[in-house]
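Shared between the two complexes below is subunit A, which pairs with subunit B and subunit C, respectively.
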Partner chain A sequence: MTCLKHTLPNGLQLIAECYSDAYTLGIGFFVRAGSRDEPAELAGVSHFLEHMAFKGTPTMTAEEVNLAFDRIGAAYNAFTGEDATVYFAAVLPEFQEAACRLLAELMRPVFPPDEFDREKQVILEEIRMYLDEPPFGADDLCRAKFFAGHPLGRSVLGSTASVEAIGVEQMRAYHRRRYAPNNMVLAAAGRVDFDALVRQAEAFCGGWESWDEDRMLHPLEPAYGFHLSPKPSASHEYLIQMSEGPSGYSKERFAAQLLAAVVGDDSGSRLFWEFVDSGLADSASLAFSEHEDAGVFTLTLSCAEELFSDNLERLRKLIRGLETDGITEEELQRAKRKIFTRTVLAGERPRNRLFSLGLEWLLFQSYQSVQEKLRLVEAVTLEDVNRLIQRYPLSCHATVAAGSWEAIQ
Partner chain B sequence: MISLPDRGTFVHRYPNGLVLLGEPMPWAESAAFTIAVPAGSGWDPADRSGLASVTCEMCLRGAGERDNRRFISDLESLGVEWSESVSAFHIRFSGACAADVLPQALEVFADVLRRPRLPKDELENARQGLLQDILSVEDDPADLARRELRRRFFPIPFNRPNEGEADHVRAVTWAEVREHYERHFRPNGTILGVAGKFDWERLRGHVGDLLADWPSREPPAVVETPRSAVVAHVDYPSQQTHIAVAYPSVPYDHPQYFEAVGTVGVLSGGMSARLLTEIRDKRGLCYSVHASHRVRPNMGAVLCYSGTTAERAQETLNVLLRELMRLKEGVLEEELDRLKSQYRTGLVMHQESSAARSAAVVTDWHLLGRTRPLAEIDQRVRELTTTALNRFLQENPPQSFTIVTVGPQPLEVPRDVLEAHAT
Partner chain C sequence: MTCLKHTLPNGLQLIAECYSDAYTLGIGFFVRAGSRDEPAELAGVSHFLEHMAFKGTPTMTAEEVNLAFDRIGAAYNAFTGEDATVYFAAVLPEFQEAACRLLAELMRPVFPPDEFDREKQVILEEIRMYLDEPPFGADDLCRAKFFAGHPLGRSVLGSTASVEAIGVEQMRAYHRRRYAPNNMVLAAAGRVDFDALVRQAEAFCGGWESWDEDRMLHPLEPAYGFHLSPKPSASHEYLIQMSEGPSGYSKERFAAQLLAAVVGDDSGSRLFWEFVDSGLADSASLAFSEHEDAGVFTLTLSCAEELFSDNLERLRKLIRGLETDGITEEELQRAKRKIFTRTVLAGERPRNRLFSLGLEWLLFQSYQSVQEKLRLVEAVTLEDVNRLIQRYPLSCHATVAAGSWEAIQ
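And now, the complex of A and B:
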């Protein structure tokens, strides 16, 4: 495996992990445009724009775009987050050029007004779909409360009202600023012909004009507290709890991943034994996610409503115990082993590598091979994790409980 | 162009009926296994829906020398990623790990098959966990629609919710769990599939040491009762109306299986497929719409789903059903060409995952009594023609729809669809 990089004169950066023995390749554009970059009146525009990218380009209609991807048998899609929008395709090696060309087309959408209006309806349906699914929007609410005005607190989907109010010209202006070549990365992993990729990027993206646009980073000043989100018809209660962790630039992020595995992995963790093995909850987990200026631990728990208040008390005790006594060496070693296995298994599929490769380069200008990552995880000590628990106490959190009123009261 | 392996999978049948399948992927660093035990929810007694799921849960709460905690900590120390699932036919245990620890991982699961502790004092915990799973489906109207569709469409007793019914699960006793285990956990009918990096002769010997003296048992008899098409609505205070539709197709071992799958690809393979184009792209009616081809012994089915705001649900249902009925007018050359490309990418990608291959060879064996090499599938797909697909659609037009909606209001099924039911 070799990692190769190149930058076009207009600032577009290319990065690729090339494996000569892979069967397929994953390729994608990673754009520094997410909900955190949106002005309040355009909440949801990054995600709406991601949909509109498939709805017509200077040379292709929406239908032609889909037909062309399907003709080369691509497994392709896009997703939007707080920090980035990602467009990707997994293809056979003979279709590298076609996939690169089509993805580059998506980066220059034309926003036909009829498609814009129709797609707005699709987005509104997507918002309603998530409101029907547990935790019924409580995750967005918790994020807003926890981040308390920080840009990372904004909802990726936006609200029905904000999406309804977005106009084509506003989206066009947002696109011009955020989809400049110097604000994105073209990444590839697997059986990649890198020399050809450079030529293809020059041909398809070389004419794009750069734009002087940066992202404002802000220190996180989280707000703690308990909030209710009523859902009278729910049979379960859903708890979302967010607390602070190290940012993606911090060396402590590997310790944070290990802590999340010890406390909240879906099997064998402290939350698992306390709540899931005992049948007190149908799920309980802790995840760690990293951004440029903040890191977040997100704890989720769902259980039948009659168990909820007892479970809250148990959770408090569990966290108190963790903060008093720390974790054990044995727990740390098992968590390391888990992360090793997952990393190695995931690394066998090129498209899995694509996402961490592209996002880490886009957000942190950092590259680590799977082997380097494993070495960094291995180097984490018990003291590192226990120090992290003290620095970023899970007992300081914003919490949202969604469910029927009575149980929460 | 990348060629797909055409060698057969290694097969060994032990005298007690256990089947071991081995699909070598020498370039991989990992090995994955899937164990399918013929003890699925279809064998739940009529008043104990969920017994298979309780049994599965109890089998994982310690086996052989290991209690519950040691079972999990040993697997984690070995670095085995594992999971379990219950389907109508099987309880499945699957795992993936570094190739060098496969023998130890199989030892742990051999204990699960043969020596589960079924700890009495943990039955209540297992039951409570499952009851919460059952109730959580009630909170997700899309899941609820799919569950209620399966219940009305598939033949009794293979139509039950795998997680069971709350009242039944509350009544399950430890003796019933023990009995379900003793009747249904048997080597004859159990399939163990391994894919990835392994040495076949050593694997065969090792599995023989672990499982060859597991005594076989008489398989229990089961009577299937087919269902006829129905339309049903579940009232639910949701934002969207969730629409689930099923119709019969052909089974996995049918000579026209690939034609059948091809027709579903025309509906839902890729973003240019008909359902997404007509319902989402042209009309903006929904975010989510899809169809998939499912197989079971002796039957195939097409299951479709869409969710959309209540006011737009009637139009969504109408367009969905119209597209299903329009299939018999035929598919286009261009549609088939796109499908073939997608299928080929999918097959090649399958090769990148030992976990996916170990599950696939087990399913092949269950439904065909042999495995299908990827090269054979590749060839069958290449040979598909629109003439063959269209002949299949003439002979097997989508009809006899079972339709379930979950949402604030029931929908009307268009008259021509109801008439097609009558045929």
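And now, the complex of A and C:
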């Protein structure tokens, strides 16, 4: 495996992990445009724009784009987050050029007005469904409360009101600023012909004009507190709890990943034994996610109404115990083995490597091979994790409880 | 890649695809025990048993099993279907023996009474949640109506009443019959040491006693008709429609797979253009699944209440058009490319190969490499697909519509 990089004169960065023994390649554009970049009145525009990228380009209609992807048998999709929008395709090696050309087309959408109006309805429907399903918007609410005015507190979907108000010209202006080539990475992983990729990027993206716009980073000043989100028809209670963690630039992020596995992994974690194995909750987990200027631990728990207040008390005790005694060496070793296996498993699939490759390069200008990641995880000590627990106490959190009122009160 | 096979004296069959360049291996037991094997009064016992497999073995408690999997960093899980129950783990190569030993432990559960009672509550909760979420049990209902008394019509979860009534001794007897070594396959894929695997299987499974029990196969006599499943609180309407297709033994199954892609793939299919791209439905798809004595096409559609009856009419027209004119060569070629890419992508991941390897060997005593599968897909002609459309008309179906009553009536 070799990792190769190149930058076009207009600022578009290329990065690729080339494996001669892979059978496919993943390729994608990683755009530094997410909900955190949106002015309040355009909340949801990044995600809406992602949909519109498939709805017509300078040379192709929506239908032609779709047919062209199908013709090369591509497995393709896109997603939008707080920090980035990603467009990707997995194809057989003979279709590298076609996939690159098509993805480049998507980066220059034309926003046909009729498609715009129709897609807006699709998004509004998506928002309605999101609010209709567990945890009934509690995650967005918790994010807003915890980040307290910080751009990372914004909802990726936006609100019904904000999406309804977005106009084509506003989206066009947002696109011009955020989809400039110097604000993107073109990444590829797998059976990549890198020399050809450079030529293809020059041909398809070389004419894009750069734009002088950066992202505003802000120190996080989280707000703690307990909030209720009533949903009378809910059959279960849902808890979302957010706490601060190290940012994606921090050396402590591997310790944070390990802590999340010890405390809240799907199986064999403290939350698992306390709540899931015992049957007190149907799910309980802790996840860590990293951004440029902040990291966040998200704890979720869902259970029957009548167990909710007891579970809250148990959770408080569990976190108190963690902060008093730390974790054990045995827990750390088990968590390391899990992360090892997952990292290697993810590395086997070009499509998965593509995501970490592209996002880490886009957000942190950082590249780590699977082997380097394994070394960094291995190097974390018990002291590192226990220091992290003190530095970023899980007992300081914003919490949202969604469900019928009775149990919560 | 080499495919190796071996059978132990007690009838346990081993099959493995060994790749010297893989970084992990997937390993799993495939048991010919599913909802189709259950007497009516034990509906749900296969799935309940799958849960109990993790709850105590002759030498380990539930907690020890969980810790032991974690200690080797295994990504492990299990699932139950109509035809089979599968237990699997993905591990780094140095943990092949430990993973094999642990999975073998799971195959001989001891069913501790307290764990049994506790797990029963977990399953009952799972059934409640299943009925609470879209499509609100409509899939199980449609399956029961369509298969009309055929064993494949049974629900994997079972009902609240049937699960409540299951006793430990009944589960033990079911286990003795269905978990006999001659009714299982031990499969592995990836960086497998096959000679070692044979020795490990002999050591861990060689003492299991075989049992003279087979599966009853039945010709399918599907029942057609339209059924309503009222859910007053639903915000959307859900349609499930089942039609007959070729069985997993049939040469026509690749044509059926291609037809499902042409008609109902996620993107670029006839259903996609008619309903999803146009915004008339939020999802619409057609899937094909194969069993030993039957195949089934399952069409699903969900949309806003006010569009439901119009959509039903559109769907009828779409199927009529398909049966009158067939599909086009261009559609077939696009579907082939998609299936190619997916097959190759799945083949890149040992864990995915494991599932088709184990299930196809267990159910059909058939082995096909990724290359052979690609050849068989390539060989399907337009005539094959259009003949299939006539032979298995999608217009003959059992349908369940779930949602609030108003739109349906």
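We take it that the second predicted complex is superposed on the first by the 409 of 409 C-alpha atoms of A that agree within 3 Å, B and C clash if a C-alpha of one lies under 4 Å from a C-alpha of the other, contacts with A are read in each partner's own complex, and residues count from 1 in each chain.
Here is the rule we use: contacts are C-beta pairs under 8 Å (C-beta built on N, C-alpha and C of every residue); 3 or more make two chains touch, one makes a residue touch a chain.
Keep in mind that this is a model prediction, so the values were computed, not measured.
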Clash or fit (per the criteria above) of subunit B with subunit C on subunit A: clash
Contacts of A:62 with subunit B and subunit C, given as first, second, both or neither: both
First, second, both or neither for A:73, with subunit B first and subunit C second: both
Partner chain(s) touched by A:163 [first = subunit B, second = subunit C, both, neither]: neither
Subunit B versus subunit C as contact partner of A:280, first or second or both or neither: first
First, second, both or neither for A:94, with subunit B first and subunit C second: first
Touched partner set for A:318, first subunit B, second subunit C, both or neither: neither
Residues of subunit A that lie at the interface with subunit B and also at the interface with subunit C: 21-24, 62-63, 66-67, 69-76, 90-92, 118-119, 121-122, 125-126, 128-129, 132, 233, 235-236, 267-268, 273, 277-279, 282, 304, 333-334, 337-338, 340-342, 344-345, 348-350
Subunit A-touching residues of subunit C, taken from the complex the two chains share: 21-24, 62-63, 66-67, 69-76, 90-92, 118-119, 121-122, 125-126, 128-129, 132, 233, 235-236, 267-268, 272-273, 277-279, 282, 304, 333-334, 336-342, 344-345, 347-351
Residues of subunit A that touch subunit B when the two form their complex: 21-24, 54, 62-63, 66-67, 69-76, 90-94, 117-126, 128-129, 131-134, 233-236, 267-268, 273, 276-282, 302-304, 333-334, 337-338, 340-342, 344-345, 348-350
Subunit A contact footprint on subunit B (complex, rising order): 1-2, 27-30, 68-69, 72-73, 76-81, 96-98, 124-133, 135-136, 138-142, 236-240, 242, 269-273, 277, 280-288, 307-309, 337-338, 340-346, 348-349, 351-355
